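Next, two complexes with subunit A in common: one pairs it with subunit B, the other with subunit C.
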Partner chain A sequence: MPDTFESTYVCIGLAVRVFLFFQTRIRNYFEESGEFVTPLNSWKRVIEGIYLRKRDISPFAGSIVHETPLSLFFYSKLYAITHGHVEGLFIAADLLTGILTYRIAKRVLKQLFNEEATEKSKYNQESQPLWLKKLNIQKSAYAVLLCCMINPLSIGTCLAKSSLVFHNLLLTITFYFFMTYQLLPFIVTLCLASSISVYPVVLIAPALLQFSKSGANNRSILRIFLVIILFAIVSAGILALNFFLNHKSWSFIESTYSFIFHVPDYTPNIGIFWYFFTEMFDHFRSLFVWTFQMHVLLLYLLPFTIRLRHDPIFLFWLLCAIFCTFKSYPAYGDAAFYFNYLPIWSFLFRYVRHSLIIICMVFVALIMAPITWYLWIYTGSANANFYFAMTMVFNVAQTFLVSDLFYAYLKRKFLLKNGLTIPQVNGFEGQLEFN
Partner chain B sequence: MPLLSNLLSRDIPKNFYKFQFQLYSGLFLLGLLGFLYLTSPIVSRRTYLSENALSPGLVSSDLYISVEHIRNIMGRLRTGFKNNDIADVIQLMLNENGIEAYKQDIGRNSTDKPEENIYGIVRAPRLASTESIILVAPLYARTQTKPQQNKANVFGIAHTLAIGFALHRKPYMSKDIILLFPAAQEYGTRVWLDAYYNSNPQASLLDAHAGSIQAGLALEFPYEKFYSIDLRHNGINGQLTNLDLINTVVHLCEKNSIATTFYGVYVELSTNEAFMNYIIQSTRTLLLNVFTLATGISNGVHGQFLRYRIEMITLFGSLDKHHEYQSSPVAMRAFDDVIEGFIRSLNNLLERFHQSFFFYLHINRRNFVSIATYMVPLGFIALPALIRSLVIYMSFFTSSSTNSAATHGRTMKFDAEYSPIFIEIFQCLAFSYVLTWIPLKLSLLGVCLITMLLSPFILRRFRSNVHQFDHFQFITLLIGSALLGCLSLLNFSMALLTACFLMPCYLIAGVIKLDHWFIKFTCRFLFITFLNPLVFLALYHYLAQIIMAGTFVFPDFAQFSNDLDTYCASYHLYNTWTVDVVCLTIVPIWLLLYRSTFGIQF
Partner chain C sequence: MKILFNEFIFSKSCDLFIRPYIFDKPDSLTDEKLNRQLQYDIAARQGPMRNLSSKRNYETDMYSSKLNCYIFLVISFIYHCSSQEDKYNEELYIRPLSTGHTYFNLLFTTVVSPDILKSNIIHHYHLFPKVIADIVRSNGVSEFHVSLTQGLWRYDHWGMPIVGAPPGAEIWAWFKPNEQQDVTSRWKSFVHELGGLLCASLNFLDSNVSTSSPNYSFRPQSILPVSSTSYQDNSFLRYAVLPREIVCTENLTPWKKLLPCVAGGSNHKGLAGLLDNAPKLYNSVYHSLRMDLRQICTNTECTSTQLELSMALAIVVDTTSSKPDHNEWTFRSIFGSNVAQTCSLSSLANIYVDLQLSQTHSFNISPEPDYSIKQGSKPIIVYDLHDEKRKNTTFSLNCNYKKQQTVSTDNQEDRSSPSIVVHRYATGYGVRDGGIKTMIKLNEEQKQDQITLVYFEQIPWYFRIFLHTLKITMLDNNRTEIKPDHLSYIPGKDRELPYQLELVITTKQSILISFELEMVFLKWNEFPPDPNHGFYIPSAVISTMLSSNNKSNNILRSLQSYSLNQSLSSAASDGFVRLYSESLLVNLPTPDFSMPFNVICLGCTAVALAFGGLHNLTTKEFTFGEKRPRIPFRQRLEDLRFRVIAARHALAQRVFRSNQQQREHVE
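After this line comes the complex of A and B, so read on.
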């Protein structure tokens, strides 16, 4: 039974979304804006795909549709049920994502609290101010819900009818099953999510950590293999399903996975790929495509997994943040997905060193991006560099945020174990550095 | 990455608090003076042609249009205007000379006859119609002294036609020339452009198209003779024409010894002119630039074209004499050479205007300041807001240089309740959102009075403690700086004036923190009198009047309210967003600051 806070927040979210859906001018703005809609998630393209599918023309013949056959099948069913009035579905999916995020937040915080309770004996008594408190836990969870409901980025994504709303719902469900230790549903949703946008594949790393625990500190190799084999089987199954839904043709690979990996579309978005590849000579292209994709998929995966081997939840969130920032066609909806979880980590904020800088950078990027776009495209007095500067600011802010939170997490853990007083070394305060 | 590093952990020196006020006001004044310093020859730059393709047209002229020919056209136009069938006359003349001509009904009848735009297309023999140049001569032009009065633009139309006839079938033309004669100035132009670009779904399609329009020229000549040309380049919403285009026109005019002015201010550039005179006239031009651009409306039909990325300026035939010995008006031959040179320069152009500057301020026809220079004074003016917000932010946290800061992290000194702050901001925003719907019917005066006198009664008073007030100030300062940042890119002049208005407001609102009834009362009084948006607007109008006239004039309130009414009535026509920005951002910020003087502290 939802309490008053929960229902009020959900009602606010519902009211704002419904109200804005009736404002045609605002809705049109979001539907056209490149910051919210990318080729991968534009609803216009989905409708085109549904139409082509109905006419028995392969939707993947041109370069318009970039959804997988399975998701296209799903959308066409939704479209048929609602007779084209899908707005309600978008609102419902967005609100559901919010409520699930709130549930996840509660679970995450409870689990962290319990972990701390059991390990309190190992902690230095001095570090008491850093311990989690029951009161703050509930507050943070409420903050997560409120954030989901009034986050302008989420609302914009919903208004733009970007299919990211459904992708985010899928990812949130994945996170939920991750938190509830349900292996099979988790693997299925993870495979679905990665079959749509590839990048969630990296989440297999925290899954291995989470599901391989057999005792307090033991991991069984058997379970690791089980998870990997399950993942492989389900992935293959989904691929086969796509193959059969596409009339036994592999043509969808070209316009989905290859499209995501090779980045042939340079429509400006908030990522860094488009500008970089427009500026570059073609013969370096494949080298840099591979470099950029390795940067997202592999570069951070191993070090982070090793460092955070005892904290799979934080690792899960961190990897989400990283691939949402650096993926090939990011939109604000991706950023909104992991921004909404931020209040969970409110106990780390005291160690975030650049909070003002990060907030100001995000703020500046959000309001300046449409302005520089207007100056570039409409009045012609600015050029692509202006717009790119803003996307750059947004990306740097996200990088700062992720690295700062990571740093704060590690620092807090260290201080919990070792206490808050800094020992004197040769009459000077000791300095610790990562080496 | 050292584990114990910490940003902003040091204390702000105590001395700094003592000199805060002096620092902020000093920076503000420095910014204002710095802006005036832009006229100095050290800072400003000399204009040059950045696009080489424009230069060949500047060299020699090839056409010869006899004066009799033009007088003949003017005579026919005059009878056309008299008989009220000017549209037919122009169409007939175009057709007689083998130029296709069409009419477009603009859907607005002022007299019994429908008003019509006429346009002709001079097709280029060298290329298919892929690109074109446009020459615009509105049927009626505003007179120099009374902007409300219109006179028939006989001279402008006649020259546009004559040039069109002369360039018809010239072998070197590679771009079409569109000759457009819009009926109701801005309105007619807008209707024609909407139809040409099919941007308005209701607009009926045009009968014929030429290629994409690259650039053009508008001619407004209310008199049949003129002594100098006033170049009008203000676009809507502070948009400006590419500097290369203006330089081309200035260069051609100087070559043909035609004096050119901006805003009617002529700056003598010869070396035997007194330096002081040069500075004064340049400052006048600079200030007029800022004052007129800030309104967001254009001073000619070219503003509508800039919206579609068609670079264009208006040439206005002025009766002012600027040379002491100039007794006769400018010769028609010289003027035709200017237009011919301009068209042949454009004809040579391979790309759209993209070189040179789009963000600049003219100080005279040969000198300008670019964005990199003029942003600096604005930066100085806005810097106090940034410094102050940083100071407030640093005071939020327990800041000690001891090691506890390093290990405890940054913790807030106090717990602040944010909801009343956001409710207050939301209230003010909602309030001014409602106000945006009013000013069209009610004048701004009423709105201001309502805001000031009623808002304390309608809305709940803002209750806060000292810490909350700090948070509140921090947020308003950030909003204000963000607004200035955005405006400075879109419309620098408006940003400058906004900064001049908002910064003192912030300063006064910051003083309210000293919670004493007398201070509060004084602040409130200041907000109502000197820092009132309406008073500021009146002051701005008066200053603009003085600078425009060049001598001292007495304030004229009747004219102020008259101008305000005209502006409110006409800004929709121009597609400007100045009023929206004022209503939705500047007024709420002012309202927030003003309402904070009523705040109760506990």
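After this line comes the complex of A and C, so read on.
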């Protein structure tokens, strides 16, 4: 039974979305905005794909459609059921994402609280002010729900009818199953999510940590293999399903996975790929494509997993944040996905070093990006560099946010064990060092 | 018998062409040597027959009869390789237009036996340009059409042209099936060779990026025997356009050289003499060079075929004079020269003046025409340059006409509007999204019966078409949407394939075809020089058959023969027209071209920031350490100053010491 706060927040979210969907001008703005809509998730392209399928032309013959056959099939069914009026579905999916995020937040906080309770004996009693409190847990969870409902980035993504809404729902469900320790549903949703946008593949690392726990502290190799094999089997199954849905042709690989990996489309978005590869010299192109993709997919995977081997939940969120920032075609919807979880980590905020800088950078980027876009595309009085500067600012802000939260997480862990007062070292006054 | 036969040939047609080869040989050669030399020479020189007619007055008597006999044998052999029915027609069609312009269409048609395309024989190309035959034979082309055009034909003011062409270069070709090489590679080498021949940038067309194979629009125009006219798959067709191509004298010169009666220098014979002064021809509002090769039937039963090469130059010149409503021109004012001599290779040399305007204008043309024919209600006067009375005289045409004030014009103007007019517009603002609207207007006469339009659009890949936004609406009051009878669409692929859209629409009303497109963001090195000039969207092509009762106001080239003489005389013209819309110039969003290094640096910095920070966090540990005393800022500054002073001192000492050493060394 939802309590008053929950229902109020959901109602607010619903009202805002429904109201804005009736404002055609605002809606059109979001539908055409490059920050919210990328070639990968534009609804206009999905409709084109559905239309081409209906005309018996392969949607993957051209370079307009970049959805997988499975998701295209799913959207065409949605489109047929609603007779083209899909707005309601988008609102429903967005609200569902919000509610699930709230549930996840509650579970995450409860689990962290329980873990702390069992480990309290190891903690320094001095660090009591840092301990999680029941009251704060509920407040943080409410904040997560409210954030989901009124986050302008989420609302914009919903209004733009970006298929990212459904993708985010899928990722959220994955996170939910991750929290509830349901292996099979988790693997299925994870495989679905990664079959659409590739990058969620990295979430297999926190899954291995989460699902391989057999006792208090030891992991079983058998379970690790089970997870990997399951993942491989389900992925292969989804690939085969795509293959059969595409009339037994592999043509979709080029317009989906190769499109994501090789970044042939330079439509501006909020990432760094587009302008970087617009200006790239041809003979260095493949080097930098591989470098940038490895940076997202592999570079952080092992160090993070080793460092956060006892905290798979934080690792899950951190990896999401990394690939949402550095993926090849990011949109505000990707950023919104991990921004919405931020209130969970409110107990870390006191150790964030550059909070003012980060907030300012995010706001500057949010406000200036549409302005520089307008100046470049419509009035012609500015050029691409201005817009690129804004996407860079947003990127760097996200980088700072992620690294600061990581830092705060580590610092809090250290202080929980060692207390808040700094002891004397070698008879002299001591200080906290990070080296 | 043999001698008789040889003599017969000699007297009939060979004297013109073969004798100059004979006289090129020095007298000292023996018969046998000469014979071999001759064979070689003929095989090598059978290109365009230049310098021939000027030499035909040489004497033959100086050669012995025996030599002659050998030569005749060779001649007869060569003559049998070529066809007896080779024909060359020269025509000039002139139409004064209501806007004060005048349309001149020079047409040179060569009809030869298709045997010259057969390989493994020593060919005598006769009137046919050897280079064209080589290109066509080696690439297995069954027909091709190429046009190089500068300017836009204005259908609503000028009516129909003899044959339309889009701005820039257009080329389409059908290839023979069952050849060893595939069509794509043959097309590639074909456009390269033709581009080299015409000095045009057709080599940019070789890849798939700007080439398509329309289903309905560009059917073969060859007329083949009934037995072999099976439906040809469009995989043997290639169509390409270069809307940005600029046409100039460098294209005209090589084109001109393919004509039989064009000599070196400027003593061309026949109507080709009008091409002498190339800069004059480019002082026009519309200029279109074209070349068409196809097969036609020899006779009405179509038992055998012939090869027809038609070369046309169309220009539209502003001929208004200083007096109001008064036009005046002569051959000399338009072409810079008159027709000095007739080309004796041509079997037909006609000049037609289409007097469509005679109802509203009073004409004064000299000299007097030979005869006139009626096309619909409009008279066309004809001059036959081969007429006995014009032998050895210079032919010049003077024409001046002025508008009659008395005739009420509104009725007339309505009638003179052509059956179909097409206009195209780019919509939208900004350089991100846009659309194309094509308006196809039918005149009142045409609206009485249904018409089937084939609409073809080839759009480069850097404009992404959204097919679901395609809308065809009637331009009546209701704006009802109609569905096309057939739709063929091949989606474009980035950097590989253009978008190809073809619609077959049956309508009685004027229609509006619209769709949306999105501009692609290109890489910095994919832009041509002057990127802010914009990118061209090639013309839309509308092909249709006008109903037979409705071509009173224009000459339609009949598909039976490209030669105008037959189109004008045959009543049963098929009414096939192909219209080209405007090509569009659209801007694409441009990056900053001066930024590659900066952007690479900045992008890498952003990644390095992330990597550095996060890598630090994963490798370092928190510890408690000894607190270092804090040094006040002033103290630090002081330290720095001392350090600088010390460094300077040390440096000065070192310099001093080295100087001293040097001095000691010198001493």
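In this section, the second predicted complex is superposed on the first by the 425 of 435 C-alpha atoms of A that agree within 3 Å, B and C clash if a C-alpha of one lies under 4 Å from a C-alpha of the other, contacts with A are read in each partner's own complex, and residues count from 1 in each chain.
Criterion: a residue touches a chain if its C-beta (ideal position, glycine included) is under 8 Å from a C-beta of that chain, and two chains touch if they have at least 3 such contacts.
Owing to the predicted nature of the structure, the values given are computational and were not obtained by experimental measurement.
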| item | value |
| --- | --- |
| Side-by-side fit of subunit B and subunit C on subunit A, or clash | fit |
| Partner chain(s) touched by A:64 [first = subunit B, second = subunit C, both, neither] | second |
| Angle at subunit A between subunit B and subunit C, C-alpha centres, nearest 10 degrees | 60 |
| Touching partner for A:307 - first (subunit B), second (subunit C), both, neither | second |
| Which of subunit B and subunit C A:407 touches, first, second, both or neither | both |
| Subunit B versus subunit C as contact partner of A:354, first or second or both or neither | first |
| Which of subunit B and subunit C A:299 touches, first, second, both or neither | second |
| Contacts of A:364 with subunit B and subunit C, given as first, second, both or neither | first |
| First (subunit B), second (subunit C), both or neither touched by A:423 | second |
| Subunit A residues touched by each partner, larger count belonging to subunit B or subunit C | C |
| Distance of closest approach, subunit C and subunit B, by C-alpha atoms in Å | 5 |
| Overlapping contact positions on subunit A, where the subunit C interface meets the subunit B interface | 378, 380, 407, 411, 414, 422, 429, 431-434 |
| Contact footprint of subunit A on subunit B as seen in their complex | 1-8, 239-240, 306-307, 309, 352, 354, 358-359, 390, 393, 403-404, 406-411, 478, 482, 485-486, 489-490 |
| Contact footprint of subunit B on subunit A as seen in their complex | 129, 350-351, 353-354, 356, 360, 363-364, 367-368, 371-372, 374-375, 378-382, 407-408, 411, 414-415, 420-422, 429, 431-434 |
| Parts of subunit C lying in touch with subunit A, wherever the complex brings them together | 429-433, 461, 464, 466-468, 487, 489-495, 497, 499, 520-525, 589-592, 595-596, 599-600, 602-603, 606-607, 609-611, 613-615, 617-628 |
| Complex interface listing, subunit A residues touching subunit C | 32, 44, 47-48, 50-52, 55, 57, 61-64, 264-268, 272, 274-282, 288, 292, 295, 299-300, 303-304, 306-307, 325-326, 376-378, 380, 383-385, 388, 392, 395-396, 399-400, 402-403, 406-407, 410-411, 414, 418, 422-423, 425-426, 428-435 |
